[in-house]
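Note that chain A is present in both complexes that follow, paired respectively with chain B and with chain C.
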Partner chain A sequence: MNSANIGSKISQSLAQLSLASLLVWLQRTVKNLLLPLTGIVIFLFIWQIAASNIITSLGQFPGPSDVWQQSKTLVAEHRQERQKAEAFFTRQDLRNAKKLAKNPNANVKIRPYTGKATYFDQIFTSLYTVMFGFLVATFIAIPLGILCGLSANAYRAINPIIQTFKPVSPLAWLPLVTMVVSALYISDEPMFEKAFLTSGFTVALCCLWPTVVNTLVGVASIDRDLIDVSRVLRLSSPVYIKTMVIPSAIPLIFTGLRLSLATGWMVLIAAEMLAQNPGLGKFIWDEFQNGSSSSLGRIMVAVVTIGIIGFILDQLMLGLQKRVSWDKQAILR
Partner chain B sequence: MQKNYLEISQVGIEFPTDGEPFRALQNVNLSIQKGEFITLIGHSGCGKSTVLNIIAGLYQASEGGVILEGREVNEPGPDRAVVFQNHALLPWLTVYQNVELAVKAVFKKNKSKAEIRDWIEHNVSLVHMDHALHKRPGEISGGMKQRVGIARCLAMQPKVLLMDEPFGALDALTRAHLQDSLMEIQNRLGNTVVMITHDVDEAVLLSDRIVMMSNGPAASIGEILEVDLPRPRDRLALAEDPAFNAHRQQVLRFLYEKHRNPAAQRTDTAEAQGKTPAAA
Partner chain C sequence: MQFSKAHTFTDRLFSCVKVSLTLALLINGTTAIAELGEPEKDQLRFGFIKLTDMAPIAVAYENGYFEDEGLYVTIEAQANWKVLLDGVIDGRLDGAHMLAGQPLAATIGYGTKAHIVTPFSMDLNGNAITVSNNIWEQMKEYVPVEDGKPVHPIKADYMKPIVDKFTEAGKPFKVGMVFPVSTHNYELRYWLAAGNIHPGYYAPHKGDSSGTLNAQALLSVTPPPQMPATLEAGTIQGYCVGEPWNQQAVFKGIGVPVITDYEIWKNNPEKVFGMTKEFTEQYPNTTARVVKALIRAAKWLDENDNANRPAAVKILAQSNYVGADYDVIANSMTGTFEYEKGDKRSVPDFNVFFRHFATYPFYSDAVWYLTQMRRWGQISKPKPDQWYFDVAASVYRPDIYKTAAMELIEEGLVSAAEFPDFASESGYRAPQKEFIDEVVYDGTQPNAYLKKFSIGLKDEVL
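And now, the complex of A and B:
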């Protein structure tokens, strides 16, 4: 074989290789990008058609185009509000500088800006409220689950309580939590708003249960042989729990945490509506009470936002679960 | 008179059930000397694992007891280390960390950090697993996992090594390798071992005495066979050795003639009574 033949053979193989890898890339793109996109586009299409056929007392039901319009409006309002706040602080600083220039010992007042909370402020409020409720729930649920999983007697004693309070809706807890917070949280300089605490504790009460139940099951289903190993080694209880029980139960604990966070996020919106915590729930409630022609559109923007944030939160938990998981065989979705 | 190292004295155990309590073992007596290798063999369900679990302290005998070096033992402990059939390694820890767990549980107060590390590495190389020191159980084969299980037990420096069908879940070739490793370790360390097995060849190859159990319920010790073949034992040479085959014959005769498998017994009687189609 002379060099020309070898050269053409090599370039042929290279062409085949790149054709093969192009096909693989094409297949992957179709699966991971085009199929989801197709689903979304078809859904938007159906939504637009359905929306144009529903006329309510507040105007036409918002379709995707209305949602897009309103979201642009919300962003613009947010920017305007921020500019107003900046202007306020600039004016305040100038005023105070003038005063101090005249009299270095003058009392200068620094007032906070009391303008409206923007849409993005409300999103942020919702997020840190749900985080507060979720963390409170986690700190109670995981130890409780471990206790009930390890001790059959503790389980028999506590299970009726768990089963009774698990199905209770957040709306039923809310009045009680409001009264308790009002009665107990009396302080001259409150660090937290009452509405925030009420919403946070209501979220905690409702998203305890998935974590408790899943932790309980995870702990109780530890491999029997591992229990025997710990008996032969005469491991003390704390060492046993730390080295065997918790790592063994981690997959189910994370399942519980993901379910709890999803439940908590849903419960939060309802709790905010009634407790008037300045988050997305309050936004929806205010828009509904407002009853303007753009209200439905703005509520729909909030619905889409809630959904997208819930999706992102779940993906974050999934990422965390994948990092902590030791089982390379398990497929985590 | 030499005092027995490990004595199982008139042990019986009964398990509560919904109806009548189930008597698994009745009047089991066995004396074991230091450094002996004993195998327990018998049909499925005859109570071999139950005897082992009672020695280990994982079950409590209803009657009788286990005496080790003159003291009664009825709680589990690292002096009677157990090798399980399903390796029982912690899947989220590496080989090193699995053995470390056992070493720290037993020796934390007595050994320094450097000594502990050396001791772990020593035991892992005893079972020829030093190449996989930092691998997780999910990354090594079944035979390797069982080796690590053995290393973990040896690292506890037990007085008695208890093995519950340790090679049962492995293929024949791996089993042969592990048997050779076990004989090598036994030669080096002189452990007292009680092993349960189903494999007659394995029993005759490895043990000093074979304890053959009768069938349950209320099982007891049927016969004890002395295997006085010289050590070290080579399986290829022994395959043609008349003494080895004679021992094999005795065990097989016990299992298949004198104390037949209970399931086989039932079909026999059914045929004799003319109930099966073949006899009709």
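And now, the complex of A and C:
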């Protein structure tokens, strides 16, 4: 065979290879992209038809087009509010300058903007409230779960309490948390808003249970061989926990954390509505109270936003879980 | 702000002259208001309920009147009247849009006890009573008609036969109002009693705070934004509430406003701006400045025969204030009021913010609310006249109002003629005759007033 033949044979096989890989890529794209897209489009279609047939006393039930309209309005309002904020600071600077001109030793203060929080501010508030609640819950739940998982006696003692408090709804906790926060958190210059603390603690109380349960199951189901190895090596408890218990329980701990975050995000919206923490829950409640013709559309925008953020949070946790998990063969969804 | 560095002698001279000229002008311009000092607390938080008569607060913010006084105010909607009152009492809110009865009830200890004062009356009128379509259809049989339209005012007498039918059938006739010490509660009761329908007594000394003792119509509490929903659901047959919730019922086609409180008592006091006594004592300059800004806002709202009302409605339609549709709010704030759908009548004084000395906290207004609290049993024992005068004097603060007003007159922002004559004003209005049942109210004789009603407690204890 001469080099030309070999060359053409190689290029032929290369072409076949790239064609094959193209087909594989195409198949994967259809599966991963087009199928979900088709599902979404069909759903939007059904939603639009159903919405145009439901007439409420506040107007037609919002369909996808209303949601799109209202989301554009919310973005415009956000921009307007930012402009107002700039004007506010300009006025404040002028006022302070006048004061200084009158009396160079005058005590001038820079005050924060007094206007309303925009939709995006509210999303941000919801996010950091849920993070606060989630972190508080995690710091309580994981040690508690490890304790109950390692010690059968601790489990027997604590389990009834866990099972009793697990089903309690956030709406039942809220009045109690409000009263406790009001009574205990008294200071002249509060760092945190009471509504923020109330919402955060309510979220924590409701979302710690999935993590506790999953952690204790994960810890309790540690491989017997590992326990024997630790006995042989005479590992001290902290080392044993750090090198064996936690890594082997990570998959279940993360399952618990993901469930907790999802629960926490759901609970947050309810808690915010009642505690009036300025997040998405309060946005929905205020829109409902307003009863304007655009209220339902705006509430629907909030619903979609809540869903999308919940989805993103879950995917973030999933990504974290994949990085931390030692079993790269395990399929994580 | 950067002041340029002067390098040469002439530059320095010029800047000296500039600064001293500015100083001279500013000092001369400010000696007149040197009396009222800087606000002690400049970051304030005010609460309100989503009703159109929170307008003075919104306007004072949006038009920059608060900022002119050096106040940085955050305005927050509250979930309901109880949360609002608790917010003021525990200090979360520095002041709030309140029902006229709230400072009085809190100070005498009906409900949570706290000494709340009010230096500013926010408006007159602004409420209406709406009934469900069903009840209206039944009432139309009895309501006199002229030129095809019902004759106003529609007295509760025309509703009495329907209430009697409900009683005979054993069904409760339920009506909603917004708070046990709300103006709406007292106006509703006044209207019902004038039509010979008993609205029930309170007996707090016996532990009964439902207000339904001996009642033919059962009154219950619902927060204003939820009123149309409860009417639609059939939980109540009617309600008394402020705007935009009556016009909202018309727009949604679920109810018909039958009477406004303007027709029950012409130019009745409605909302006040309440603060704790501690706040007014700890921060007197701040309080006076808040009142100044609110007076300016009230004046703007009524200026030039309500010319600014459309602009005010635009502000109120923002989602962080009242949030209802522009048209719904405009329906009652721009000089008209819609009763039955399509029956829009001219009511230019449906909301009065500044005219007729609306912002002055008259003692006789406080005494009226106290008499109605006594009439319905919220004050369980009869009280001597002096008690009424003392409570009114401890809650209503025309002295703070006067300080603010004098400042505004000096600054030339409001003329002295637009205020009552402070030298001679006693705080008690002349006897008022324009009530729906034509009983004359003289604030200086509360017990004699109570004796004039056929339904209502006089000297007895339940």
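Quick notes
Definition applied: the second predicted complex is superposed on the first by the 310 of 333 C-alpha atoms of A that agree within 3 Å, B and C clash if a C-alpha of one lies under 4 Å from a C-alpha of the other, contacts with A are read in each partner's own complex, and residues count from 1 in each chain.
The criterion applied here is as follows: a contact is a pair of C-beta atoms (placed from the backbone, for glycine too) under 8 Å apart; a residue touches a chain by one contact, two chains touch by 3 or more.
From a predicted model like this one, the values you see are computed outputs, not experimental measurements.
Superposition of the two complexes onto chain A shows chain B and chain C fitting side by side, with no clash.
Once chain A of one complex is fitted onto chain A of the other, the partner contacts of A:Val232 are limited to chain B, with no touch recorded for chain C.
Look at A:Lys109: by the touch rule set out above, it reaches chain C but stays clear of chain B. By the touch criterion defined above, A:Ser182 lies against chain C but remains apart from chain B after alignment on the C-alpha atoms of chain A.
Judged by the touch definition given at the top, the superposed model places A:Asp327 against chain B, while chain C stays out of reach. Across the overlaid complexes, the C-alpha centre of chain A sees chain B and chain C at an angle of 150°, to the nearest 10. In the superposition on chain A, A:Thr243 makes contact with chain B only, while chain C stays out of contact range.
With both complexes superposed, C is the one of chain B and chain C in contact with more chain A residues. Note on the superposed arrangement: chain B and chain C approach each other to a least C-alpha distance of 53 Å. Once the two complexes are overlaid on chain A, none of the chain A residues touched by chain B in the first is touched by chain C in the second.
Note for the complex: chain A touches chain C at residues 57-58, 91, 93, 95, 97-98, 100-102, 109, 111-112, 114, 116, 182, 194, 276, 285-293, 295, 298. Considering their complex, residues 56-58, 76-78, 80-82, 84, 86, 88, 90-92, 101-102, 105-106, 136, 138, 156 of chain B touch chain A. Interface residues of chain C, counted against chain A in their complex, comprise 1, 19, 22-23, 26-27, 30, 42-43, 50, 61, 64, 67, 70, 72-75, 77-79, 83, 90, 92, 225-226, 228, 232, 248, 252-254, 317, 319-320, 322-325, 328. Touching chain B in their complex are the following residues of chain A: 223, 225-226, 228-229, 231-235, 239, 243-244, 247, 326-329.
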